[in-house]
Amino acid sequence: MTDLASSSVAPPRPTLSDRMKFYGIWILTGLVLLVLPKVFSSGGSMTTFSLVGISIIFALSYNILLGQTGMLSFGHAVYYGLGGFLAIHAINIVGFHKWPIPLPLMPLIGGVAGLFFAALIGWVMTQRSGTAFAMISLGLAELVASSALILRSFFGGEAGISANRTKLFKVFGLSFGPQIQIYYLIAAWTLIAIIAMYALTRTPLGRMCNAVRDNPERVQFVGYDPHVVRYIAFCFSGFFAGIAGALAAINFEIANSAYLGAVQSGTVLFAAYIGGIGFFIGPIVGAIFVTVLSLGLSDLTQVWQLYFGLFFIAVVLFAPGGITGLLMMHRPLVRAGMLSRMLPSYAMAALPTLALCVGLMLMIETIVHYTVNPNEDPHIQAFGIPFDAASPITWVTAAVLIVGGFLLARRAWSRVGETWDTTLTAARAKVHAL
Amino acid sequence: MSTAIELRGVEKSFGVTKVIQNINLTIAQGERHALIGPNGAGKSTTFNLISGYMRPTTGSILLRGEEIAGMKPFQINRRRLSRSFQVTNVFANMTVWENLRCAVLWATGHRYAFWKNIDNLPVVRERTAQILEDIHLTSRRDVPAGLLTYAEQRALEIGITIAGGADVILLDEPTAGMSNAETERAVTLIRRLTEGRTLLIVEHDMSVVFGLADRISVLVYGQIIASGTPDEIRGNLKVKEAYLGEEAA
Amino acid sequence: MLELIVISTLNGVLYGMLLFLMASGLTVIFSMLGVLNFAHASFYMLGAFFGFQISRWFGFWPALLIAPLLAGAIGAAVERFGLRRVHKNGHVAELLFTFGLAFAIEEIVGIIWGKVPVDYRQPDILDFPAFTIFSTNYPAYKMFMLAVSVVIFIALLLALKRTRIGLIVQAALTHPHMVGHLGHNVERIFMLVFGVGTALAAVAGVIAGPSLVTQSNMAALLGPILFVVVVVGGLGSLPGAFIASLLIGLLQTFAVSINGSLASLFGPLGPDLAATWLNDIWNVTIAQIAPIMPYLLLVLILIFRPMGLLGTRET
Amino acid sequence: QETVKIGYIDPLSGGGASVGEGGLKTFQYLADELNAKGGILGKKVEIVPLDNKTNPQESLIQAQKAIDAGVRYVTQGNGSSVAGALSDFITKYNERNPGKEVLYFNYAAVDPILTNDKCSFAHFRWDANSDIKMEALTNYMKDTPAIKKVYLINQDYSFGQSVRSTARAMLAKKRPDIQIVGDELHPLLKITDFAPYIAKIQASGADSVVTGNWGQDIALLLKAAADAGLKVNWYTYYAGGAGGPTAIKQAGLDHKVFQITEGFANVDHKASQDYEKAFRAKVGLSLWYPRAVNEMRMFAAAAEKAKSLDPIKVGKALEGMKFEVLDGGEGFMRADDHQFFQPIYISSFGEIKPGQFDEENTGWGWTQVAKVDTPQTIVPTTCKMDRP
Amino acid sequence: MMLEIKDLHAYYGKSHILQGVDMHIDAGEVVSLLGRNGVGRSTTVKAIMGEVPPHGHILFKGKNIAGLPSYKIAHLGLGYVPEHRDIFPGLTVRQNLMLGIKNPRNPGKWKLEDMLDMFSNLKARADTPAGVLSGGEKQMLTICRTLMGDPELVMIDEPTEGLAPIIVQQVGDLIAEIARRGVAILLVEQKLSIAMRISHRVYVMGHGKIVFEGSPDDLKANSAVRKEWLEV
């Protein structure tokens, strides 16, 4: 076969401009990370950004399992937590002995810890897949979380282990006391981890992970041992989870049993799925979303858990591919330059949907007022909007918004569906014609 | 001529039922050998035994003289024996290109590499492209395998099987469900792709069997009742009775 | 010694049956539909609160009937309008759906009944000790729980044996269309199964509510122990779940009664080791880790026998 | 107008919300009370509610958020893990941000370590730590000859473990004749069936049980005991917590369950009874935290004394401050470790006289069994505090 | 008239597969639907069963069944054997057959034991999971399973695919036996031999439409149709 023929058959190599675009994205991301604190400079937003960075790494590491290799884990926090604990101990030991190891290297220790435990536990676990794997991970997570309270000298019992990150060997005169320095530390590690994990998807191993996810049986007949593939993926996932855990430990200067718990494991599953496990950036989007939501929602309303639950139900029902899936659906339209055709019908649908949501919130908050705080002033605030829970006008408005919004929204969305079908067909045709 | 595969006294039982009863079979290197027999005779089971999907109850299976009974499928595959499946068995969510590439990776020595960019492996790229052309799916390169038509999936199934460059190839009913024209094309394809390699094929379509095979073995109730050249088999009364029936006679 | 064994066995059986009572609905849903229903405990909680409220109005016995029907209806509605749409997107989607549901139910219960435990009491006619062994009372109410568990077990066993619902559901998991072509209304059966599963959870709630704590976080506190029961028993096996419940009940109860630790076996650690983390392991008693033993059992079972004790299929 | 902001960091959602909301209402009531008298140094007091979901990390985020919003005083109580993390965080924050110091008023987290090895200038505790309560309890036991065999059952985490070890140590010293017939630890909030534990207690022949259990762990424990017909006295830390009284009433353990607190509704002290009445009328809850009253009142007094709202100055003013507590008697804030010492009561739950306060509408209430005066509650400390 | 189809259209997404199919089957009749790969024969039967949304009229025993859920269609007496042998792999052969029974209280003329007697292969495997059956055994199982529901008309899609020649004959015999017991049959086939042997009438399909209707002998005589639409 001549080179010419094969290169016409194989997918085209990225052109120079493609490659520029590709590297441009990373550089742009780096720049954004760099200037972010200049735009939002309050201590609170620094903390938020730091947490978002950590959960991005964590969610991406989780997606190595779920999205890429098809392993549903209920115990990913184990590696996150152990990474965190090891990092805290390392900070304490290094600080105590005054060894010349600076703080920015500590996440590596967490990573290695995560890797070590994943490698240790993973071999038997990854022999199974599917529900059996999920249940083993669940049981194991329970075991580890419980022993965290029993093995007190290592896990520090309920209070956990704390450390002082400023007591380490200093590089470039950075003390790592102020949150801004921690932010940059986390941002740098996040960028590195994202790039590393992205690169991982583009390796032979990354591809075989996908193959194992799709059809582990057939994988055996192209020379691979699916168990080994799962195992290596599991180790990588543990490694990056450990890095995330260590960063969290550095950020909070404490590691405790909450790091290992079911809540942590559940949150990362949420984040990855909500963002969209089918896409590399899905978990990133999900991590941002879930972190910001869980930080912010409790300020807005007392019953944030209810909204949280309803929101997840809604995403699972209406956006099975996650938020990213929803966005990616529009790619063919964007390519054909036909996105604008959809916008009017979206606007039409958004209005009643919004009304429905507002109505629901009004109803929920009013009910909450009457059942939870019946003795208090009925002039309450939810999501920053003040209203009078005692006034019949409020009730009528809520009822009208819910019923009217629901009826109109249902109509409008089926309209959207029709427009979608025709636009998509047209877009496909146009792209094909090119 | 050296032997590629040799089965010696192979038996396989599931519980009390003995599905394969004392099979002895030798397939020479470079030979195209067809395995035919009524449904349920144990042809697919024989494939499963040779490819490591199942472990024989007794007996030994030699691949180029090496004992492979009891090895795992991937170990056998790494010894350059590859098989296809009677029921299409591809990576449904991955594109045709990715399907083939996965099949090429181990053989080109990239194994579990996580430090190489998969798009920068020229050998892999070329081999994949080659196979893609061979199975005439160039135009479907970026379509997820699950969305291919049945015949295309069968072609892909063959493509994955041969992509690793194995020199012993087992095909289980590769043309099942294809139309006559497609079957013809598939036969040409198989003939070309297995040039110089050892082929063991299971088929119910007699035109394929007689058109392709150098030798034929007939398996009935887990036993080989006849083995020989196409002409010998065609003339064999026992075979006619047990398998071909009056129609093909 | 005899006292210990008799009492532990009794307690173990009682606890095991309580577990089975709570897990029976999950067995139905998880092992038949394959839905990892994390909201199961929430339906259990709904059962308890419905039971509490209805028994306030009409008494305990009507509550025992009405509350499960209500919860079952809610469950069926959840299947009809939610899970059914999610089903095609796979198990993870179903799981997250039920996750979200669990969140919402907990908060809704908190909104309606408040967050402090409610005063849900057992019916007066069962409020007496059934018998006394070694000066330990066994209240009639516990015997009632035991009886209900056994009745549910037998009834389910018969129902699944007699009807072909189990087979239909199992077939429909892989080939829903084909089952439809054979004349079975798959959707209704799924809804029914989910409804029955949630109703069973509610039965457990009505009955266990008074003897445990009826509170809006009771679902969360139950944790994944019910999954342990179902998985250890083996997916698709009701007798398996029954045996696993007993096994876990006995295991945990007997473990509680053992005070042994590595230290009591080999003597305390030397002073140079006593300060290290080894010391913790050394001094942990079996009793101390009894409640986490089921998880250990789960992990070991899945590693060595992924089908579970009596399971028929792996996933 | 500028206000004195107090960040209230406790669970306002999830499992711990019932407790956190009760605390919030208490502090809001206290703020209203202060404001009615003109606030602190003429400034109104504002309580800023911050939901930490009982999670230490979340607490730190909330603390950071509060500090951004200009809060210089935070108060927290639920969960020693949260308290430890918070104290650590604020100590470091103060070191790293001189001039912007923050104080942390702890009203309920009782882990002794916070006023011992991990003490901090920024941390002040108004609740008696678990050692103090045990000191008080064992001082009471010392004089109660009927107690002969004691069984310890506790949750397996730092608080439970510290209850258990101090109980052993102090009993051994004060009443060596008391036999510890059992010493049990069980995982936190994981047990649904306490029958096996009750069986063990039964078999041990104990006459008293000492437990630090809280939440469903105490409720289920008591119910299981009642079911099995176990007849012992229960010495508890938290039987009075939300849901506890309901459970005791359900179990019918009339005056069998004792609680060690710094006060309770029926204390024989007019001022506190009046306070309780007013509080219940307005808030609709019983006053769980008499110490919160002491905390806010002392805070106001300290600010007035320092004539400043600067946390350092307020902190210095609080050190060593003597104060007449709500339930009567004098307490003082020990300067060495910032632990408040006050009279401790042992009360039992059951039938009450007409006119007395009941709990959770059960018709039963707490009755005083013993009062341990401040001097008998003092325990040593290992605290070596860095002062600004 | 048992089944009557008028102007049936069907789509996969936007692609128009059936473009106005007209056909009918009388009670007790054996009719074959022939045609090349991909012309829409399977789609026709799927549309009748409601697996693909049908547009047009489908009258079964005079009742319009277009748009009904498939279980209702099945209950009216229409049986369907799909082309990919959707056996239930986890269930045993016997359980598979049992699921074919629509109403256990009122079994039809096909008895489970008779079925097993007819196919010794199946009998030997009666209690093994159907997933491990050989390809041919699966095919037989699917047909038998549908018969258990006692249909008045069975639609069988490519029953001989992947069968050994001798089994092809057996399946032919089975189909003839089914017809003899008074069940109407719609046979979707590619191989002419069987169809020609047992059909009363044949339809040839091309590009989503019926392009020929007549007796097997008519088809044999009409080489133009055979050449253009059947590529023999």
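Assorted remarks:
By written order: A, B, C, D and E. Residues from 1 in each chain.
The rule we apply is simple: a residue touches a chain if its C-beta (ideal position, glycine included) is under 8 Å from a C-beta of that chain, and two chains touch if they have at least 3 such contacts.
In this text, all values refer to a predicted model and were calculated from it rather than measured experimentally.
Note on connectivity: the fewest chain-to-chain touch steps from subunit B to subunit D number 2. Looking at subunit A and subunit D, the chains in contact with each of them are C. Set against the C-alpha centre of subunit B, every other chain centre is closer than that of D.
Chain centres were defined as the mean of their Cα atoms; on that basis the chain farthest from subunit E turns out to be D.
Between B-E and A-B, more C-beta contact pairs join the chains of A-B. Put simply, the C-alpha centre of subunit A and that of subunit C have 31 angstrom between them.
Centroids built from CA atoms put subunit D at 35 Å from subunit C. Inter-chain centre distance (subunit A to subunit E, centres taken as mean C-alpha positions): 49 Å.
A separation of 77 Å divides the Cα centre of subunit D from that of subunit E.
In subunit A, the residues that reach two or more other chains under the touch definition are 146, 150, 152, 303, 305. Residue numbers of subunit C whose C-beta contacts span two or more other chains: 107, 110, 114, 223, 288-289, 291-292. Not a single residue in subunit B touches at least two other chains. Against subunit A, in their complex, subunit B makes its touches with residues 51-52, 72-74, 77-78, 82-83, 85, 89-94, 97-98, 101-103, 105-107, 110-119, 121, 125-126, 128-130, 132-133, 138, 141-142, 160-161, 163-164. Subunit B makes touch with subunit E in their complex at residues 14-15, 17, 36-44, 86-87, 149, 151, 173, 176-182, 204, 206, 242-248. The touching residues of subunit A, counted against subunit C in their complex, run 66, 72, 74, 124-125, 127-132, 134-136, 138-140, 142-143, 146-147, 150-154, 262, 266, 269-270, 273, 277, 303, 305-306, 308-313, 316-317, 320, 367-368, 371-372. By the touch criterion stated above, subunit A contacts subunit D in their complex at residues 42-44, 47, 51, 146, 149-150, 152, 157-160, 162, 164, 166, 177-179, 248, 252-254, 256-259, 263, 295, 298-299, 302-305, 375. Residues of subunit A touching subunit B in their complex: 1, 3, 5-7, 9-11, 13, 199-200, 202-208, 210-211, 213-215, 217-225, 228-229, 232, 236.
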